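Scroll down for the structure; my scribbles are underneath it.
Order as written gives the chain letters A, B, C, D and E; numbering starts at 1 within each chain.
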Amino acid sequence: MSLPNQADQGITFDTFMEGVWRQNPVFVMMLGMCPTLAVTVSAVNALSMGVATLFVLVSSSLLISLIRNLVPKEVRIATFIVIIATFVTLTDYLIQAVSLTLYEALGAFIQLIVVNCIILGRAEAHASKNPPLKAVINALGMGTGFTIGLFALGATREIFGAGKLFGMTLFGDQFQPWVVMVLPPGGFFVLAAWLLLFSLLRSKSATEGGHAHD
Amino acid sequence: MNQPSQIQTPSGGKMIATMVLVASICGVLIVGAFEGTAGAIAENKRIMLERAVFKVLPGAAGVREYAATAAGIQPLAAGEAVPARGVRFYAAYDAAGVLKGIAAEAGAKGYADTVRVLYGYDTKCQCIIGIGVVSMRETPGIGDKIITDAAFLKNFEALDVRLNSDLSALTNAVRVVKHGTKMNAWEIDAIAGATVTSKAVGRGINDSAQKLLPMLVPHIAELKP
Amino acid sequence: MSMELRTSPHLVSDRSVERIMKHVVLALLPVCTFSVWQYGLSALALLIVVTTTCLATERFLNRAAKQASTLNDWSATITGLLLALTLPPAFPLWMGAVAGFVAIAIGKALFGGLGHNVFNPALIGRAFVQASFPVAITTWAPPFAVHRFSEFIPSTLTLPFMIPNDNAAWIAAATVDGFTGATPLARWKYEHFVYPVQDMLTGAASASSGETSAILLLLCGLYLAARKFMDWRIPVAVIGSAVLVAWAFRLYGGEAFPPIHLVVLSGGLVLGALFMATDMATSPVTPLGVWIYGAVIGVVTVMIRYFGGLTEGVMYAILLGNALTPLIDKYTQPRVFGTRQQRKS
Amino acid sequence: MTESLSQIFISTLLTNNFVLAMFLGLCPFLGVSGRLSTAFPMGVATMFVMLVASLCAYGLNMLLGYFHLEFLRLISYIVVIASCVQLVEMVMKKYSPALFRALGIYLPLITTNCAVLGVALFQTAREYDFSQSMAFSFGGGAGFTLALVLMASLRERLQLANVPTLVQGTALTLILAGLLSLTFMGFAGLGSLE
Amino acid sequence: MRLPFFHRAATFEHGIHPVYHKETGSLPIKRLPFAPRLIVPLSQHIGKAAVCCVSVGEEVRRGQVIATADGFVSLPVHAPATGVVEAIGVMLAANGKMVDSITIRVYEADSQEVQVRAPLDIESLDKKELLAAIQQTGIAGLGGATFPAHVKLSVPPETVIDTLVVNGAECEPFLTCDHRIMVERTQDLLRGIRYAMKASGAPRAIIGVEDNKPDAIAAIQALLPADGTITVQALETKYPQGAEDTIIYALLGREIPAGSRPAAIGVLMNNVMTLAYLGRLLPAGEGMIERVLTVAGPGVEKPGNYIVPIGTPLRFLLEQVGARGSAKEIILGGPMMGMTISSLDVPVTKGTSGVLAFGAEKLEQEARRTYACIKCGECLSVCPKFLNPSQLGLLAAKREYAEMAELYNLDRCFECGCCSYVCPSHIPLVQQFRIAKAVNREKASA
């Protein structure tokens, strides 16, 4: 989580893309694993969880960035956690108001966003050191990266585990779902498979001499 | 949460001020969100409850929440907790305001986790006339047949839960029997291959009915408007 | 004269990995033959498809890792045969292929191949398909059906990725008396029906293809144990502890618990104890460890059967035993010579 | 619907193991499971904190319910749990320095362990009474320790294996977790019959 | 005599049953002619090398002292043949090192009479004098350990030895020289045992002999003294029955505490060959100038047990027994613990108990494919020290040498080779352990 202090740099496209690709919280940083695996049994759940996290991430980053100069070092983390918990509670009620079905599918994992390391990590490493706009853009990137990661997992698990995507049947009635995919072992396996895919791609591009980003 | 112990730093006053500021911002946000969404959430909950109850008690048009205790029955406000040793149940009424039946929740440990179902109880035939699954984590393809298996759901079109003469327990305990061997109205024909989940449903309903009905039936008249 | 310089010992025994594995394959052949005789074409096709998939996966992953072929150590063959023997005879072939792939790829190659795996690959394959296709893996076929050598059981030939074909018509036409489609363990669990001993000895009960004849399995196991290709202590500990626990329950719990012969002869206990639990790479090496390991498997098997949601627990018990193996090994290191309390003489 | 204490305990220990079936406490599970010598104390420390957290949450929930302040539940849980961990740390340091040295370094890590907050949230959501909450948190902690110790022992063994470079690291740990999770599926339905 | 049916030989736990190839055990000992040149290293024992006391060109008589002991833990060297000192300087020894040696050109036509000192009246000597006399014989442990005999028999005053264990197990395959000695020189052996008992103060002696040598047991039994102080005990034929730990455990049921010598449990152990030579040389006042050793293996035409002068080059020895051209691997000692040599110019020394020649077939057999450890656990069930070679091997492969010593008792391994012998994956376990120990030793000394 010890990212370089970017306070003295301007806002670039990379401020956003960092979280989407290079520091993707799911596939690269392995952060926020609990919700990553628990709620990704379907694409809808995964996407909702991603968006909820994105919301908390962005709003808490904004608030933290706004009051960053007021908060004394000693109570920094405590303050951050209180702020994050506030926005999580907020999200919790919003989701209940929107759809109780979704709320029950996500269960306690909405509230567990509080202890998602990405959020506290972003607050500590970025938002508390950067102006609001930059903090928000960076948080948006991270949140988007997280959402993409969750969606990739959720979609894979739903397609294999139920033969559906967003509840729509993909392969006809006769498709045999791979139930294990929506069970806990499947969560571990699918995430491991994505990680393997990522590291395979990375090792491929490394052997082809391409460190294009650097 | 690494608050160092040296509290007497020069910025003590500032620290308190900041905390107060943060707390008040957060307080405003939370209370605002709570107040702002409370209506919608309550409405959502009501719709969900009604949908569930109407499914197990066809023909119902309105729902009221009650709690049954050894002392009798009492209405519950939305969100109000059930008194100790009490059981929550829902009274459903048709459009004309006539009592259609009673719905209550039952649950028992299934294959993976607790299987929770809502069952509809008909006061006239003293039988269960429908069930709906509230929550479960049973194996897709096997355990989740309790939602879809027509033959299984047929068990609950008229499941006998009559009370005995002194109204202390069911005349015949609800039992789950092996697939294809149902002989009596109080038996549940298990789904072949999903015996564990079937048994969980049966056990849950039996437990709930054994507890609820003896407290409820003597006072059933109080529910009729 | 050029001299060979080596360090001692200069003598080696004739034991070798290939030799051990080859004899295990040899010992499995009668079991396979019996299963084919019992279930006909479908069992044969399943054996062939699963084993071929295992071998092909092994070869493919060898190539991907740019290493020499490891097919000639026979371990992939054993995995394939064992896996096929634990599947129901009418299991769709495509699901068998999935099981074979998972067994080798996830169960073995990911850990570095033979000897490095921490779980029994065949059981990983089976556990995966059990979790994936829970219906298919509990759909049993009647043994000794009339047309078994001329027709496949319909579900065997299910198209890839499709729901298994329905066997009801075929079974009806196969004219088997009293076939209920439930295993002896399931019939006990849900009906308290006690299967006759002779049916379970001769293979006339529903089960996975290789689990039906306890006598044949024991003979094959005896051969391996006698030739020292198998650690006899493990099956003794597994079956012994299972019998002991079952006996205790029967003694104190009475008729609520099944008779002991049902515990020993039904399901995969004998197959698992002899051929799965004894997998060398995934069982402890210490003298005390193997007894503990075997006892854990036996006890957990009975516990799952008696109190769990599943009717059969051998597979999970062995996997749990595998998971416990590093711990058992670590804490049962033998007492080194010369550290015993001296006897005063 | 009242679950017996042993049912809750067995369920959270095996069937619905906190780590392997509920995905709670994954970060420390992946991070601290490299060596047995750290895994076990970490497990015990977490189990202890989970018990404390469960206790706090139970009291807090009653208090909030009494004042109808349910909307403050999350925020107060997290604050109280964090302070409790601090308090436990301080008390331990003062009265049992040996224990503090053994567990102390893990305690701050536990604050952000979602298994701890998870215990509090799930026991509230399931409306467990006091003894049920205790059984739940004890089972959860024991289950966490069990999974952690098993994983650590497996990883220690695999340190000596020729795991392909591509698979090494988190991917291997996840696959092991998946296989353990698959194994624990065998316990499904334990205690649900009769 | 026990009834064969109830006969149960004493033994230890674990160990292996290799193919023994003890065909030479029935052939009588024969004498080999002198080689034209003998190379006599000054250090053929553990301890300080002897000091040369002859010069180049000097004539030496067979049995004459040509190098004197340098202190207590050292042995004199006697001329193995009558001849002339041709050179004094470094020569290649069997362990591949260059060591100071005296090269003697043997007089071909000489009668080769042994020069002796005045015969001793051993009964009249006290302990100290006896030990000094033993030192003068130049006998080192002839089983291969080459620990000077008089040092081994000198018991510190505070230690009480209750039993002298005489090691006649000879558990290494191929080797039968101890066997023949027990059969043919039984009188010498029993005499030697009495000297050793006297020197060490041990009140009794037990001779342990593997039960595949019934003729040796019978020969000894016929000559045992009536007072029962010396007994013979049959041991199960099992490798490594003749190791210090295992034979003492088999005979007495005592374990030598890890890291200690047998004296810690009141036991002294000597090899039969050592004691037989002691019994033969001491009263006659002779020195150690020759020894009996086994020459065997598929690479030789006339395998058997031969009396070979110390310093005989192996090339000469092998020519005499008809070494086949196909012999590719020459092992000094037994096949389980012996070492291969790089050159045939190295001499026979006091510790050479056997010379084995193997051809290409054996090398082919050894060039088998190595697999990863499949954790069959067979190595644990054969290790006489109850170690865990499987885990040690896994750690060695990852170079975790420190952990091997700290957690898995690497230092207790005495390289008997049982684990390598049974390993179906053909992992060179003992070889790895040797490297690990060497690395650890180096680290400790650094």
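The criterion applied here is as follows: a residue touches a chain if its C-beta (ideal position, glycine included) is under 8 Å from a C-beta of that chain, and two chains touch if they have at least 3 such contacts.
Just so it is clear, the structure is predicted and the values come from calculations on it, not from any experiment.
S.K.: Which chains contact both subunit B and subunit D?
M.R.: Common neighbours, subunit B/subunit D: A, C.
S.K.: Quick one: which chain's Cα centre is the longest way from subunit B's?
M.R.: E
S.K.: When you take the mean of every protein CA atom shown, which chain's own CA mean is nearest to it?
M.R.: Centre-most chain by C-alpha means: C.
S.K.: Which chain is most remote from subunit D in terms of Cα centres?
M.R.: E
S.K.: Centre to centre, by mean C-alpha position, how many angstrom separate subunit D and subunit E?
M.R.: Subunit D and subunit E have C-alpha centres separated by 61 Å.
S.K.: Quick one: subunit A and subunit E, Cα centre-to-centre, how many Å?
M.R.: 72
S.K.: Where the centres are mean C-alpha positions, what is the separation of subunit C from subunit E, in Å?
M.R.: Computed from C-alpha means, the inter-chain centre distance equals 50 Å.
S.K.: Averaged over CA atoms, how far is the centre of subunit A from the centre of subunit B? Could you give it in whole Å?
M.R.: 34
S.K.: If a residue has to touch 2 or more other chains to count, which residues of subunit A qualify?
M.R.: Answer for subunit A, listing residues that touch two or more other chains: 78, 81-82, 85-86, 89, 93, 179-180, 183, 185-186, 189.
S.K.: Mind pulling the subunit B residues that touch 2 or more other chains?
M.R.: Within subunit B, residues 1-3, 26, 30, 33-34, 110-111, 139, 141, 196 contact more than one other chain.
S.K.: Counting only residues that touch at least 2 other chains, which ones in subunit C make the list?
M.R.: 106, 112-113, 115-116, 128, 131, 133-134, 189, 309, 329, in rising order.
S.K.: Taking all chains into account, which pairs touch?
M.R.: Those chain pairs satisfying the definition are A-B, A-C, A-D, B-C, B-D, C-D, C-E, D-E.
S.K.: List the residues on subunit C that touch subunit D in their complex, please.
M.R.: 65, 106, 109-113, 115-116, 118-119, 124, 127-128, 131, 189, 303-304, 307-310, 313, 315-317, 319-320, 322-327, 329-330
S.K.: For a test of understanding, state which residues of subunit D touch subunit B in their complex under the given definition.
M.R.: It comes out as residues 1, 3, 7, 11, 15-16, 65, 71-72, 75, 82-83, 85-86, 108, 111, 188-189, 191-193.
S.K.: Applying the document's contact rule, which stretches of subunit A touch subunit D when the two form their complex?
M.R.: 30-31, 33-38, 78, 81-82, 85-86, 88-89, 92-93, 107-108, 111-112, 114-117, 120, 180, 183-189, 191-192, 195-196, 199-200, 203
S.K.: Mind listing the subunit C positions that touch subunit E in their complex?
M.R.: Within the complex, subunit C touches subunit E at residues 1-13, 15-17, 19-20, 73, 112-116, 231, 280-287, 290, 329, 333-340, 342-343, 345.
S.K.: In the complex, go through subunit A and note every residue touching subunit C.
M.R.: Per the touch definition, subunit A meets subunit C at residues 171, 174-176, 178-181, 183, 185-186, 189.
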